[in-house]
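Presented sequentially are two complexes of chain A, the first with chain B as partner and the second with chain C.
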Partner chain A sequence: MAWSETLPLRSSEDVVTVRQRVRMAADREGFRLVDQTKIVTAASEIARNTVIYGGGGSATIEGVEKNGRRGVRITFEDNGPGIADIELAMKDGWTSGAGLGLGLSGAKRLSNEFEIVSAPGKGTRVTLTRWR
Partner chain B sequence: MDKIPILKLGEFLLVTVQVDMHDRLAMTLQDDLTERIVASHARGVLIDISALDIVDSFIGRMLANIAAMSAILDAQTVVVGMRPAVAITLVELGLSLPGVRTALNVEKGMELLRARMREVEPGQTAEGQAAYGEGRVQQADGVE
Partner chain C sequence: MAQTSTVIPEALLKHEASLLSDWVAKQGKTGPELHKAAREFLGAFREGAQSGSLDSIDGAAWEHAREVLTDFSIEQSRQGVSAVEVATFILSLKEPLFALLQRLYSQQPEIVAREVWNATRAIDQFALHTTSVALKTREELIARQQSEMLELSTPVVKLWDGVLALPLIGTLDSERTQVVMENLLEEIVRSGAGVAIIDITGVPTVDTLVAQHLLKTVAAARLMGAECIISGIRPQIAATIVHLGVDLGDVTTKATLADAFRIALYRNGLQVTARAARNGGAPEPARG
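Here is the complex of A and B:
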């Protein structure tokens, strides 16, 4: 049924915990292995962004349902600097740091639904959903 | 756990990643491995990731960095044991891992390293190359 949990994201250990909890959620919702791997990988990317660029925040993991279809949704929130140019940030290979610039774009490809809300000084919220 | 063990296997180094690595641990491994390649004059590095249930862009970058760095130090890198679900996901993530060779398992990885080493030995005739290659393999079983 409907359930959710919120986890802190302050350190690289927290990123590992979020990965493990998303894995458990996907398993509980009956995802097959490849789909589990995709949503966990997407979550890992966004969780790391929350810690590194967002200065820490949280991840809320939920079991969701639409038209009788079950899925997992993860909402990442931070009160960091926000993103001025979301279109640019979403480009494959673009990074303001030392990354590969594949986190946002890759997580979008690995999810069925992807939403990003961000503005300078207003923090960032990214929502990933994958259906079974 | 704050270190990933690096084992010496003849003239190769073997790293078996056994835990869900957090980012700092991955960075430590990169540094430790560079030092070990230099100290041990290793000619090849095997990184066994069969225990990893995901590889994201951070771990991918670490693997690519290790490969690039070891190439500079005249050692080849082979990543072994990547799970099929991980490989499929990497493609969709958009990660191509340039310069990273992969093999099914440690055994196949060693074969690949030995073959590569024979190929890259310069200034050898075909015959000489084979002889040199064998010498190398023997050396791998002994000490260096």
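Here is the complex of A and C:
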């Protein structure tokens, strides 16, 4: 049964909401606690990036299935300044802001599939998928 | 706007009782409050229609009617009744009122048409009024709950001489975190404690921002001569932190607050031992 929902991401309160909805989605798909925590944490990182660096955007949470495996996919989109050097942005410890610089790379490690599409002035789209 | 001549006040005056019972009968649920609100509103509606215009319910003539609905709407919202239900209450006046007009002026369809339009405009505006009041009440409630959450105090507790604990609960990426961490640092200075335990058992998600807050607090405490122990690291949190790549470095971490407390006592040169069974042990501490 495919389902999806799109949530706004404008403030840090919205980040909390996205975390809660992702947790519910992972729970509904039968994720174990460790896997739930991983995808929720990954979503938390990217959601905060969307708010802080992307100037706000949206998160679409959906239940997905591939080869009989169920999973949760979250797509974050913003129309912010975009990322000029994705390779650099993905480096551990590199940040353009004041964070630890582990958000993007950490989120990638916490996901089974990770895709980032961005260009300067074109906004950013990050897609995370974790399978059960 | 020119005042429209209307027969509605007269119709209301003569048939108030039957209209009231028809209206109340339309409600899915009944109760003394609902009955009272309906009766008061009909009276106020008549007063308003007598002295004011049905074009707009903004004027002084409608003040009483607006007040009755405002009170009712606030009361209902506080009880958890939805804005839709509150608006439906007022909209459901249309059917019995139109039926009454139809009955009274069955020979003059032009009057019926005109008055139905008059009544519709007024009732729609009242419905919008109740909706906006209900939503505003709900918003106020949410705003209050939010500020209560922010103020939800996370107290720094003293576990032993020189040992403080900060049990954290909930989301750690709000403004609250800064306040909570500063409280801990102040308390370290005030009490001169050498060990502070930050317990994150009640924190559902530890991401890089939370980790950063924790690391900064640990570093600040260290500058003041106090060591922090982070406890409440559950298996799923441990696995996640490792994948995130967060380096907790030389920060002492423990799975439970009890483990952390034991370490804290040890560092203060203390240990907990069982009382000797031979002589019945030491007497129970006096009750204060």
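To be clear about the criterion, the second predicted complex is superposed on the first by the 132 of 132 C-alpha atoms of A that agree within 3 Å, B and C clash if a C-alpha of one lies under 4 Å from a C-alpha of the other, contacts with A are read in each partner's own complex, and residues count from 1 in each chain.
Here is the rule we go by: a residue touches a chain if its C-beta (ideal position, glycine included) is under 8 Å from a C-beta of that chain, and two chains touch if they have at least 3 such contacts.
All values derive from a computational prediction rather than experimental measurement.
The superposition on chain A brings chain B into a clash with chain C. When both complexes are overlaid on chain A, the residue A:102 reaches chain B and chain C alike. Contact with neither chain B nor chain C is seen for A:83 once the two complexes are overlaid on the shared chain. In the superposed model, A:110 makes contact with both chain B and chain C. With both structures placed on the common chain, the touch criterion links A:128 to neither chain B nor chain C. Shared-chain residue A:40: touches chain B and chain C both.
With both structures placed on the common chain, the touch criterion links A:15 to chain B and to chain C. On chain A, the surface patch touched by chain B in one complex and by chain C in the other comprises residues 12, 15-16, 19, 23, 33-34, 36-38, 40-41, 44-45, 48, 92, 99-100, 102-103, 105-106, 109-110. Across the complex, chain B is touched by residues 11-13, 15-16, 19-20, 23, 33-34, 36-38, 40-41, 44-45, 48, 92, 99-100, 102-103, 105-106, 109-110 of chain A. Chain C contributes residues 171, 173-174, 204-209, 211-212, 235-237, 239-240, 243-246 to its touches with chain A in the complex. Looking at the complex, you find that chain B touches chain A at residues 20-25, 53-58, 60-61, 83, 85-86, 88-89, 92-95. For chain A in complex with chain C, the touching residues are 12, 15-16, 19, 23, 33-34, 36-38, 40-41, 44-45, 48, 92, 99-100, 102-103, 105-106, 109-110.
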